[in-house]
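Below, chain A partners chain B and then partners chain C, in two separate complexes.
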Partner chain A sequence: MVELRGLSKRYRIGDQVVDAVVDVNLSIGSGEFVAILGHSGSGKSTLLSMIGGLARPTAGTVVIGGEDIWRRDDRFRALFRNRRIGFVFQFASLIPTLNAVENVALPRRFGEAAAMARAEQDAILLLDRVGLSDRLYCYPSELSGGQQRRVAIARALINRPGLILADEPTGDLDEETEAQVMSLLRESALEFGAAFLLVTHSRDLTRDATQVVRLRGGALQ
Partner chain B sequence: MRLYQIAVREVGRRKARTLYTTSSIALSVALLIAAMMVGFAGQKDLLLTIARYGHSLTIFPATTNETSLQRFGIGVGHYIPEDAIPEIQRTYEAAIRAGWEKRGGMVLDAGAPGGVDNLQPALFTPRLYEETTIGGRKVVVAGVRAQDEYKARFWWEVDAGSLLARDDEVMVGKVFSRVAGFKPGDPMIINGRPFRVCGVLRETDSPDDYMVFGDLKAVQSVFGKPNRVSLVNVRAMCNYCPVGEAELAINTKVVGVRATSQREIAEAQHKIFKNVTRVIFGLIMLCFVVSCMAVFNMVMGSIHARMREAGLLKAVGASRGQLMRLYMYEALVIGLVGGAIGYGIGCGLALTLGPWLIDGAPIEARWLYLPIAIGAATLTSVLATIYPAHHVAGIRAADAFRAL
Partner chain C sequence: MFELALRNLQRKPFRTYVLALAIAIAIGAVFATATVMWGVERSLGLGFSKFGADALVVPRGALVNIKSALLTGEPSTFYMSGSYAQNIRALSGVAKVTPQLFLTTSAGTHCIVGNAFLVGFDPATDFTIRPWLYQKQEREFTKDDVIAGGNNSYQVGDVVYFYGETFTVFGKLDRTGIGLYDNAIFLHIDKAYDLAESAKKYSDVPAMGFARGDVSALLVQIGNEAKANLIRFAIARNPQVRVVTAGNIVTSVRQNLAALFAGTIALTIVLIVANVLMISAIFSTVVNERRRELGLLRAVGARRSSIFALVICESMILTALGGCVGIGLGVILLRVFARSIGFHLETLNIPLLWPPLAQISLVGCASLLFALLVGALGAAYPAYAAGRIEPYDAIRGGE
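On to the complex of A and B.
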């Protein structure tokens, strides 16, 4: 499903050269749950950005479903992200002027026109699945942190992605909500047969992972 | 949920920003619309004045220095002999005909020459002005050939009574009627001879409002000025008449008279008005530049918030083009609202201040200006948004991702 070969990212801050990610090689199969552990500044988010088609690597390749995404143009990567990748960010990151259903349906807006027609129905089904059937038309300001996170998860799943990328998805949640969100993410990935890549600094969240890798100074250990 | 719906909601959410941006645009649009409405009314008023004076000449005695419409050398003893009028007439007609022939034929419409044979004779309306006292008030009595005068001054109407028709009647100007208290049917003694007031002339905003009009022969007789007139007004009965050439011909060929083109005076005023209007429009364009910069600053100011949003939208699959479209829709919404509000304020300004700025000009709200207002507002808003939108839409996705 996902093949990372010699993936590196180097950037400059003034005169200083920073190697954020150094020669990462990793394979993730469909339905697999891979956790990347590391401290702040270890390069976790940069690695995730490169896998998600958001940051161009300095060297190496990212092949997802047989497609080397960094050999293609921006337009392709935008469509690829839309159809094949579901993002769950560190914070809920919902659009404040859209209600829960509209937030979940948002990725459909940027995809094919045909998919847009069923966007609202699919969004309602997903919100029902994440336990928010009674909060469908609430705006983000009317939802708790946990509920917002569930809306974000439903949004990541709306296009049935083959790869779910989660960057510290429970960073600001209490323990109980954290467990619910993690379980929801894991179950959803299994249900859709999607590869699930989690970036975290918390060892507790990696309990169910099929593969745990540690990143230090940008390199896998 | 379509892109424009997201844009509309975003505009609604950022109320303070929307209010500031919209009012900046609306103010510029209001100034533009008010200037257009007042300018149009002023232009119309001046063109009407030109139409009234027509392609006309006024012929004074050569010994008079006074050329203004207000005094005409009244009471200083300068006259044109009435029997000089046919010579003036012949000289005028010959010059006009020669002028048309030189141009290849008479012009019926702009840019369309016609035949010289279509030329209609001009209207010659002599007037004798004499100052006298009526009812204890000094007033100018004008002797006119009533029928010719009505044709030349087609805008003349009576407020009360009837137009002058007999030699024992007089017609009074509106202001004189009001001040001296004369009304139709009242007797009036002029230099010891009795007359009857037949009508009150409707206000014309000209010296006519202060005068008393009588039959030319009767006035000549009352004041002992037989065969004398103070001036002769000539109204050409064609468009684009070569009046300048007739003026030159009269001044060089007819002894004792001096011809002055009325149109030139009105056209000079028109030119000044147009120049002032241009300066005003220049200042308004400056206002648009300032409001464009205000919108630009506003959009750039909220760029950090937009980067987070752009990052999120990019992560869920929005392309650069879709992001640009989203921001352009927001600019369009602000432009539409700003344009509509600006149109309303502009109409209000013009209708309130217009009559004060241009006395008596007919100010009208015109629907035609609404699309102009909306177009100008939208253009300002879109132009001011292009660079910031381009900047935000082009943000490196990873930077935005980190921002989230």
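On to the complex of A and C.
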């Protein structure tokens, strides 16, 4: 499903060169739950962004479903992200001017017109699935942190992605909500048969992972 | 995309409305200036171009009088031999020559109105009066008919009398912007000679000062292939006449208005440039404010072009709103213009001819397109920059 080969990312900040990710090799199979564990600044979010086609690697390849995504153009990657990848970020990543249904349906706006026609209906089903059937038309400012995260999870699932990338998805949530969100993510990945890649600094969240890799100083250990 | 852009604008209503108002002021100025300029140009340019004559030949010494007559329509009388028409007609390159005879009505009971400007013309050769007819009777013009200028109160079918002779108002001219044509009453030139004879029987009417065959002016149309300057020069070789061109007449009026228009246009350009810069500055801020959201949109599948289009769309909705309000403001400005510039023109006895509604609508549409262009230009760089943001940098930028 996902093959990382010699993946590296080097930043230049003024005169200083920072190796954020160094020569990462990793394979993730379909339906697998892989946790990338590391401290703050270890390069785990950068690694996730390169896998998700959001940040260009300095070296190496990211092959997803047989496609080397960084050898293709921006248009392809945009479509690829839209169709094949669901993102859940470490902050409340909702558009404040859209209600819950519209936020969940947002990826459909950048896809096919036919899919857009069913967007609201699918968004409502997903919100129901994440337990927000009574908050469908609430705006993000009217939702709690946990509810916002559930909306973001529903949005990540709207196009039935093959790969779910979650970057510290429970960073600012209390323990109970954290458990609910993690359970929801894991169950959704299983239901959709999607590979689930979790980036976290919390060892507790990696309990159910099929594969746990540690990142330190940008390199896998 | 449109809906997303619209929602973004609703997010900060005060900023949106202030920006739209700024655009509205500029577009209102553009719309009003363009409409007034078109109207004034129509009054001057179209009027004189439809006048149809490339040159006007008048008696030597009548130059000031003819300018006054043309511009203000004040009755003015001067005469020369009509035989000059033959000489001019014989010049190579001259297409048409038609005579006009100027006379005035007398105060008192002999005429329906005193001190009116009567112009005798030759229907057989006329090419300048009848093209302006916009109302007329469905029959041929006869010697017992007159044609009323656009400013006259007479209507088609009315009966008027001059020096004891009665005439039917055969038709009425559209307003031309030429005082002479708007204020005068036109009759057959032969009838004008007859009137001069009729007037002699009234002891209180002074002699008209011309004989049958004399004319006040000869209107000359020069062929397209001919060299106008050479023909004017050839005509002017006759020491008894002066040659006047329409350009001579309008120049002084244009000069009076040119400074006013130049100032207005300069102010409008400054306003537009200021608006483009303002939009650019505001949308650079907007893009920075929304870096994370733009990154998120990229993460869920928006292409660079989608982000570019979103920012441009937002700016264009804003300027379109400003443009629509601006056109409304422009209409109010036009009413002010009508009272100021319109009054200035009226003092010269030149009516301010508003462009037809279709053309005003066209100016309105062009102003709206202009507003959209301002929006697109102003937001172009911020939108381009927004499209180039690396999604990951944008998402992390908000942390």
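Some notes on this structure:
Methods note: the second predicted complex is superposed on the first by the 221 of 221 C-alpha atoms of A that agree within 3 Å, B and C clash if a C-alpha of one lies under 4 Å from a C-alpha of the other, contacts with A are read in each partner's own complex, and residues count from 1 in each chain.
Everything that follows uses one rule, which is that a contact is a pair of C-beta atoms (placed from the backbone, for glycine too) under 8 Å apart; a residue touches a chain by one contact, two chains touch by 3 or more.
If you're wondering where the values come from, they're calculated on a predicted model, not measured in any experiment.
Aligning the shared chain A places chain B and chain C in steric conflict. In the superposed model, A:F196 makes contact with neither chain B nor chain C.
In the superposition on chain A, A:G52 contacts both chain B and chain C. Judged by the touch definition given at the top, the superposed model places A:F33 against neither chain B nor chain C. Contacts of A:L106 after superposition on the shared chain: both chain B and chain C are touched. Overlaying the two complexes on chain A leaves one chain B stretch of 1-9, 73-81, 181-189 or 199-207 clashing with chain C, which is 1-9. In the superposition on the C-alpha atoms of chain A, the part of chain A touched by chain B in one complex and by chain C in the other spans residues 45-46, 49, 52, 54-56, 74-75, 78-79, 81-83, 87, 89, 91, 93, 95-98, 106-107, 109-111, 155. On the side of chain B, the complex with chain A involves touching residues 1-3, 6, 9-10, 12-13, 308-309, 312-320, 322, 396-398, 400-402, 404. The part of chain C that touches chain A in the complex is made up of residues 1, 4, 7-8, 10-11, 292-293, 295-304, 306, 390-393, 395-396, 398-399. On the side of chain A, the complex with chain C involves touching residues 45-46, 49, 52, 54-56, 74-75, 78-79, 81-83, 87, 89, 91, 93, 95-98, 106-107, 109-111, 155. By the touch criterion stated above, chain A contacts chain B in their complex at residues 45-46, 49-50, 52-56, 74-75, 78-79, 81-83, 87, 89-91, 93, 95-98, 102, 105-107, 109-111, 119, 155.
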